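Below: a set of structures, written as structure tokens.
First chain A sits with chain B, and in the next complex the same chain sits with chain C.
What follows is the complex of A and B.
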């Protein structure tokens, strides 16, 4: 075989050869273009002359689509896109979220020199790595499906966003490269400066991942509240104006936090799965601790999530009152009741896990008495939240009820009552969380009593404030004050959470740590860890559907009309079935990933000494 | 005696906390424009 042939088969040389060909091709293309341009200029022909016919508003605006612009493949195009898009979003949320907290866990391991954190972070990444390829496959499928079934809509979006989609593609390459380097260099860059380099890679990975999320969000929010275009769809602004619509940042914040909560819940389920299937004490201890950390992440991200959702909804109302009313006062309003059931399930499951987990330490006996009160508030809050306002009733039922609303329960159906319920449930969940964190510690600071007195005062005043603001401004003053009062409630809840975290960080500095029996938690508590991701997944399918369908019969609200056979908001039952199908499909795929992650396992679990 | 002193301190702390919350409430309701402009004056 000639020498040059063998040379080219070597990977390094092959790479340089391919690169050289690309560079030569690029230089040649540039030279041809420049020559063509020179020829045109010398012959007196300008670019303007070449663009014919002249540019009019119709030719660059949104197309007017008709039923024939949508290919018929024999099944509902909307349902196909629904399933693929939702599955892609679930996986994308998971793979973008996991590296966010993995870097933090790795950093904790590096600063505390506790090897357990590093091992756990690595194991979390292993789960997300398999999910990453599925995300990419689903993303590719979604693009094909959209271009096939909604070509007019996609052509318009491509014209509006232009080369921004190439930036997205470039970032996707960067994300893949960084992800694989970050995962596979874990052992090689495990000490000294190498570890800091590895952490930097993790930071870069997250910067790229978050940029991907924000770009994809701009497509979704453009279809709901378009900016940078006229009503006819003519692009008037630059890409920045198009991206920076009124809903972009609220959705960015909401999805960023929700992804972390969702990712935490998913890895929590993995830990529960491994805990229940483990046979040795060491394995059980390891996965119990992993489940505890995952739940910690999920609950911490869950607590501020309703406020981000509230901001998004406020901006939707501000952009279009009609759109807001469609979401919360029209056909979709019933889905908010289903949302209440799901969030109630999440809060009950998360609290139950915290209470079960407290029993790992003898120190938890100090707080046993309060749990029944927390449970009482959670159940009452849940009942208020699921109370509907407007019922669909027959004339007989209205006569029996004495009106269209129940005379006692009717007032519980409106927002002020629900705001009180939600905020009290969140305060109680934080209380469970705080007690859980304290259960294996004894404070050694001299001002412990004063600190506890202050914390109790904050809880008490915040609870009274939430109830007072809801009742007084919600029922006894002008409607205009209701929204302002809800801000008071949100601030009160956040005040409790932030002051609790700060106070405990000072009070439990140098605290005496009581022994924890990792691995001896009840098996029942692990089912709470399963309930969390199931409810989270369902909730994302539900509220994602609400967010998307508020556009009604528009592809791009107020700009591009939907003329497909599915240009209507489907019945609640149909939508419910679709969400359930997608949720079940996703969970089956996740089980497959867990199974894959368990193949070829070589990890030596950490053995808890205490 | 010691318990009584603790109770008094706690009441003082409670009152101070309530005062802080009251001030925040008043600031929010006085500055209605902050959140309400989004709702009442849609773009």
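What follows is the complex of A and C.
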């Protein structure tokens, strides 16, 4: 009889502990909110305002904060909030994402009657469950430090969002309840109608979790592009109008997809850790397969992510060109060089893992010849992406170059070149992915040759489209067409991905499966599975820094000014150091979770050397 | 444990690589806009245009889009005054501007009054400008700051500056639009002259505004006693005529300190003081 123990505490105790943390934080927040409202009146409203009836709370706009409205705790308040908020977001992203693909994996296990999927899904949840407690703890801490260090700002937000916060609290309660029931009823509801009930619980859990994500997103997007309030901060709209600002849905989609990629990468790291620690062939086979599945999830979610990011940035431009340019062409522009390094790392690591994984099957030898070309395109694309547009030069160097832009590197530094590079890198990554998926299969359909010819043609046309649109519209027409060209490129890349998935699903139906040697993959490849979450974590921190910084010296853009001593955009070096601190803290906590998870062994099935 | 060490070391190394890249890049800190205060008593037009240039690239964030990147008309390359004339007479122009200064001001406060073809908001057929009104949040330039930018744009191509030098301390940033429509209690001109009288210390010796002193003649009735020319002369050359019963002690340096606009503002205000 297998054992299903997890962690050190009993489920009931853990649930009530998490709930207690959250409720305590909520009570503390409510108390500070009351104090903050007093502060608002004393600091932001003039005597005249107070003596001019009728002054109701609803008619009061955003407070005009001064430096004295921010408590001085001896260290940078922003840095404190930065660390806590970022850690909370990392964990929240992880715990909201894992159940999304766990339900899918569980459903695959149910429909294919393959217990391996069910066991793997359960093991993923086990990691997520420990992280959930830490998420709640960090969430409570974040509320506390925000109300403590930014009382005026938080009082304003509380006034704007009002009772919506209670809805959030209610959903958190529902999420906690469903999560614990879903996890701890896994065995009891493992067969027959019970399994379908369990899957339904999983769906409900994800519906609530996604709602929580969307509500929290509305707070973030309100500070960037406020809606439902006047420029003076007077609330004029209902909660729905306040929530559905112009950036809400783009951010919802972007975070939803990014969370899945991040969650996949995190459980991939867990699998790699267990693979490297395993001593038996069976264990290695199990965790190799788990790592493969996790990487599959991460890469599949990663591929459409740039397009969601593109939509978000397009909406930011549409809302405020000034804000968009601050992010992409202004003070924050250099940061996208770091982003290029990070995404380049992710793509190179993901591809390297796929190529290494292909060695599991003899069938992969068919595709060995193409790997070097894919690697070449990835490296070239990466180099173009990291090429800066403007170089920091001395006067002598400018004289030697004949200007601030190098005659070759200059054109490679602008967006059209980078769009070509990114799209080709994504197409190549999908090609690696497709070859990887095909490596242990031989198609048996009669139209295999025609199908392959069609797929090749789609690749060629898409690549030509991406290059032509980038070069012609990017360099030989004006700015309006440059932006339009990127849409053609995005559509071309998406077309390759979607048509590739559809074509293969038909072409490899009833395919002959070649033997795969699970567990015999190189140890080096497992480090690629660590590179993914490290780069993802750093990248999330970096993008969070951009998202927050585009507001400049505003708590709520154009409505509530930030008068704190930290109301400047920090340098990229300082931000980088902060991101590293947070990432290292997060990784340490994750390693702790992996250790905790390893204390309770989950039943691992025998993996056939198929 | 060995695996844990190797994994932690690899992850840390990778993190440090990213940190290194971030620290290798140019380090720029985005400061919030400065709350500028200007000593108008010594402000020259050259200072004013320099302020305009600073605002153009700084607080106004104009240079973010109005540069050679093609996001908006490149105001540094364009002859703005000549271009304004052609825009005002262009077909489709529906604004109220009559000259370059008013056109530039209108462009700043009502950017959609005229959208240069090709630079409109996407999908609006050049009917709506993507530019935010600079007198509102989040930029919030004051009238004087907008004047300084106009002065800079006029002067950069060698044209005469047509906006007046400011005559008071830099006024605070305007309140949001819903408040800006309210009529001020005192007209701008009067408020400016009153500020000048306070700033130059006139109220220390003369009865004027809220001041009740008898060191110099009472200025509350000066409009009834002196002509405009006499008022002007008594400021420029106070020793030329000494009022009966008063000592010749008024400083004669105001002629060097006051700008012409300031002098005229004070004279105009005083001639209206008829008791």
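Rule of thumb we're sticking to: the second predicted complex is superposed on the first by the 549 of 610 C-alpha atoms of A that agree within 3 Å, B and C clash if a C-alpha of one lies under 4 Å from a C-alpha of the other, contacts with A are read in each partner's own complex, and residues count from 1 in each chain.
One rule holds in what follows: contacts are C-beta pairs under 8 Å (C-beta built on N, C-alpha and C of every residue); 3 or more make two chains touch, one makes a residue touch a chain.
Quick caveat, the model's predicted, so the values are computed rather than measured.
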{"item": "Contacts of A:338 with chain B and chain C, given as first, second, both or neither", "value": "second"}
{"item": "Which of chain B and chain C A:543 touches, first, second, both or neither", "value": "neither"}
{"item": "Which superposed partner A:301 touches (first chain B, second chain C, both, neither)", "value": "neither"}
{"item": "Contacts of A:320 with chain B and chain C, given as first, second, both or neither", "value": "both"}
{"item": "First, second, both or neither for A:246, with chain B first and chain C second", "value": "first"}
{"item": "First (chain B), second (chain C), both or neither touched by A:330", "value": "second"}
{"item": "Touching partner for A:488 - first (chain B), second (chain C), both, neither", "value": "first"}
{"item": "Partner touching more residues of chain A, whether chain B or chain C", "value": "C"}
{"item": "Touched partner set for A:570, first chain B, second chain C, both or neither", "value": "second"}
{"item": "Footprint overlap on chain A, comparing chain B with chain C", "value": "317-318, 320-321, 480, 483"}
{"item": "Of chain A, residues touching chain B in the complex", "value": "246, 314-315, 317-321, 449-450, 453-454, 456-458, 460-462, 465, 469, 473, 480-481, 483-485, 487-488, 491-492, 495"}
{"item": "Touching residues on chain B, where the partner in the complex is chain A", "value": "6, 9-10, 13-14, 16-18, 21, 24-25, 28-29, 32, 34-36, 38-43"}
{"item": "In the complex, chain C residues that touch chain A", "value": "3-4, 6-8, 10-12, 14-19, 21-23, 25-33, 61, 64-65, 69-71, 118, 121-122, 130-132, 136-139, 175-179"}
{"item": "Contact footprint of chain C on chain A as seen in their complex", "value": "230-232, 272-273, 276-277, 317-318, 320-322, 325-326, 329-332, 334-335, 337-338, 341-342, 345, 392, 478-480, 483, 527, 530-531, 534-535, 538, 549, 552-554, 557-559, 562, 567-577, 579-580, 583-584, 587, 591"}
